[in-house]
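Letters A, B, C and D name the chains as they come in the text, with residue numbers starting at 1 for each one.
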Amino acid sequence: MSTYWQQLEQELPQLLEESRKTAAKGAVATYIPGLANAPRDALCISLLGTQGEQAHAGDCGFKFTMQSISKVFSLLLALLDSGEAKVFEKVGMEPTGDDFNSILKLELVDPGKPFNPFINAGAIAIASLIEGQSPREKAERMLEFVRTLADDDTLTWNEHVYESEKATAHRNRSLAYFLKDNGILEDDVEPTLDVYFRQCAIEVNTTQLARMALVLANHGCDPVTGRCFIPRHYVQIVNSFMVTCGMYNASGEFAIHVGIPAKSGVSGGILALIPGQMGIGLVGPSLNEKGNSVAGVQLLAALSERYDWSIF
Amino acid sequence: MSTYWQQLEQELPQLLEESRKTAAKGAVATYIPGLANAPRDALCISLLGTQGEQAHAGDCGFKFTMQSISKVFSLLLALLDSGEAKVFEKVGMEPTGDDFNSILKLELVDPGKPFNPFINAGAIAIASLIEGQSPREKAERMLEFVRTLADDDTLTWNEHVYESEKATAHRNRSLAYFLKDNGILEDDVEPTLDVYFRQCAIEVNTTQLARMALVLANHGCDPVTGRCFIPRHYVQIVNSFMVTCGMYNASGEFAIHVGIPAKSGVSGGILALIPGQMGIGLVGPSLNEKGNSVAGVQLLAALSERYDWSIF
Amino acid sequence: MSTYWQQLEQELPQLLEESRKTAAKGAVATYIPGLANAPRDALCISLLGTQGEQAHAGDCGFKFTMQSISKVFSLLLALLDSGEAKVFEKVGMEPTGDDFNSILKLELVDPGKPFNPFINAGAIAIASLIEGQSPREKAERMLEFVRTLADDDTLTWNEHVYESEKATAHRNRSLAYFLKDNGILEDDVEPTLDVYFRQCAIEVNTTQLARMALVLANHGCDPVTGRCFIPRHYVQIVNSFMVTCGMYNASGEFAIHVGIPAKSGVSGGILALIPGQMGIGLVGPSLNEKGNSVAGVQLLAALSERYDWSIF
Amino acid sequence: MSTYWQQLEQELPQLLEESRKTAAKGAVATYIPGLANAPRDALCISLLGTQGEQAHAGDCGFKFTMQSISKVFSLLLALLDSGEAKVFEKVGMEPTGDDFNSILKLELVDPGKPFNPFINAGAIAIASLIEGQSPREKAERMLEFVRTLADDDTLTWNEHVYESEKATAHRNRSLAYFLKDNGILEDDVEPTLDVYFRQCAIEVNTTQLARMALVLANHGCDPVTGRCFIPRHYVQIVNSFMVTCGMYNASGEFAIHVGIPAKSGVSGGILALIPGQMGIGLVGPSLNEKGNSVAGVQLLAALSERYDWSIF
């Protein structure tokens, strides 16, 4: 193992403990029961290098649902299934400056297509582009894709979280019916949302997240087996989106303070990566007002500064 | 019959024919099949005076659905059923300046309650305040109320129009789920929309519309029988709303050019009234870009100017 | 004097005292020094009937600037000077649902013309339509017009208020430059704003306001001398605007609770009228969050209910 | 010279000629006379490597004003003059999804500070943070800073372009007065705008642009002399902004198709860089609807694909 990774492994616990203190500034998401029970001050990080290096720190004994992190992989699967042209017929490529569940630009900006695939409206449109004969089949293809990238066949849905999101997702239904009215969504609303709720409910730990990120850091290929799952260009697309839109409407700030592609979820998870070097998975359930893990963002900023991670 | 009504009866046909020509500037609503078949150049008007006077002109041989005109009566029934306090907990009292199906202010303005009961979002919130054990019972109470005011037990729904609206009303579903998410809508979305679609699908002719308007012109009482159905204050509420919000976002223009309370529907119908004097029903299916009957607005403006109808 | 007016005169003081208590719920406008010194709990009302009747009550010993009430008269003068076609080329006829100093719809709605002449953007556009060789001459013509309607040659500007508005009106400058960019404002910005600041700074008492309102209540003619200053149609236009947009974005609520044409100003003044019957002037400097006199609105609502003033 | 640069030099002319054809799809900016005369189909590119390599192609015989490209350098100078804390008290770090001259979010989003320093509102706020006793002194310090980075003391303003922008910039004045009203802009409007208009009017050629970009590619230091002008962290800040907001509201698309930090101007200029490798300057006056050089973007996309430039 290189000096770099030895140092990283050694310093990681203390950096994590310092970051953990900031969790007190945020709060755990409570809009669904399945999220509200998460331990607020928990913090865990896993880093996996392209040469097989690894480092972990923190309370890594719990699982969490992918939530919005799944948008990275539904976009990739939609690109693989439907192609770039079809995908960008349904969603744009631009950050919005609005909240992730905002409906404003769907009405204000002609022709009403979601600005990007990482806001909820965009992710719902993307969910309809995944191939399959039924919502269940689409959701299973999505699960299979994530299992492959994580190199772990045990990954599955948290049925409880899936059910609670399905029961309470009125805003997502509002977005979906707006898209249906606009003609962006061709499928029916409920089957499409079902795919979306299932992808959000896939349960992971930080090592599994880091493993998926590693594939993206390694240009779409598994550095261990050498197998390539995703064309280089599609990796560039999702990495770009992670920088411009990955951290909700705090993406610009994250680009300045951390400077690496990352995608967060409301469960407190963050998937991040340093192109060519490593994949990162972390979780810290206490969120700031933008919906990102308080302690997680703090830890990534500290690491980026200490190890000069910024791609800029 | 007074000289006034004799003159009105005599001049009405020519004024109507002149107004009819303007129908060519508009177009029949096509968003549901049930509306698209209406005769574009048709125009019919009925006026009923508080002393039993009446005058009619035009092609009055066809029926049309009430559509947004029904919002006047669902508001009245909600006021009767739930009271003023409850009604204005769910909707505001202000015009919006936005399109009738706009969702913008629900997101932009805290606390996200519809600005008034005549935009679609407001009318959906109002539909949930009508009493009844089931959507069907609520819809039937609404029908019964309209039958009473029109003094005509034969009024009923156009099932075809009801079915087609129900099948295509994605934007209304989007609005309703947004209201559900905001906590404004307490009932479930589909049962509430079902009441709303049924009220929009009540089929009338201009005489029946004029008869309902007459009750509003006569302070809530039937001038023939003397029976009072609606408290004076509730009549003032709906008359106020008709002036400030009754003609979609052309209400200000209508107030200037016509100057009487009125409510239009996408079928081309308009209910209007001169307080203390008469109720008016008309239909002209060709709509302008704001969604009001082109020839109907023109005819009311001509009559208002000729007979000094403006309340201002 | 009629029984009606005798009763009004007799009951007015107590109704006023009851309304005065609500002043505690609001606050005096402080954005310019000239307004901040007004006595918060003061309340004064003057009513002038078309047959020469009158009634007054309250603390009527102070003057106040017209502020937004002047928009009624600049609109009338612009109509007289430039004609209806030119006026409505520059402003629309619709309420906005937004704050009086909002800039949103200028950017959002093509072609960027102010929705109505009573929001600030609209009033600035209107100020440019008043004839005159210089800002000073335009302002003087405006003052002369108000003097004529108030039948009082002593009316003049409060120079202190004029200067303080001129020094601090950054938002109005922002609106004006936006209009200049949109091509709505043809004149230069500062000279146009100068006319606008001067019209806002005309100082009146409630009797003078009521006298102006009386002309509008009397179809544009002075009921004492019989001289007519304003064509009937222009009176209808401003009365319509007063109902749909006169009380900022609480106009709909005022229409329901009071039901008469009225225009408020940030100094706490309100001009109101009952068509065919009387002109009303009042002042109560404590404002609610919408910018209307708290006690003034309360007093008008009490009077409207007691004397059945609503036109609806 | 490396093989890489030899190949680049050899292939550049043909790639440029192919990209040049797309200029026909756009149009030269005409809002000020100084821009309207630019040759639509002209296209020139200069690349300067950190090891002294260089390559040029196209019609490089004309100068153009920096326009929005200057926002990169005013941000840097404001950071140097006022520090990071003060800068981000006045502007945010997020892309907006709106047009570069939009005013919407200043009203909609509390507390009304511009979302980032590259939209016009943000750049105006930044201009006020440059130190100097007078607008002229501030503008001269800005010019001096640009001269230093370009290593060329002959750089100066195009007075004609400066004058025409000053005369016609009503929208920028509207933005500035809104900021003044919000309290974001502490200085007076016109002096601040004067600094802004002057920075936009600095005239350059592509070699000079590339030289400035080279400093940013080289972590803030001149690779020739080794002198460092800008702290590494500030370089990261502007490079991040260039990726998230540098190409107006086509920045997300540019990140996907090109994937390097870049900033465009309405004159058709683009400054771009590959961190650690090279600085790029180009100009192609024909703009697409987002305001970016059509042929310039096409050429950078072609080069990025061919030479694998994307940082993602």
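Note that in this section a residue touches a chain if its C-beta (ideal position, glycine included) is under 8 Å from a C-beta of that chain, and two chains touch if they have at least 3 such contacts.
Per UniProt, the chains are A, B, C, D = Glutaminase.
A quick note: this is a predicted structure, and the numbers were derived from the prediction, not measured.
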Minimum number of chain-to-chain touching steps separating chain A from chain C: 2
Length of the line joining the C-alpha centres of chain B and chain C, rounded to whole Å: 32
Interchain centroid distance [CA atoms averaged], chain A/chain B, Å: 48
Multi-partner residues of chain A (each touching 2 or more other chains): 108
Chains that touch, pairwise: A-B, A-D, B-C, C-D
Of chain C, residues touching chain D in the complex: 102-104, 107-108, 170-171, 173-178, 180-181, 189
Complex contact set, residues of chain A against chain D: 92-98, 105, 115-116, 235-237, 239-241, 243-245, 249-253, 255-256, 259, 261, 275, 310-312
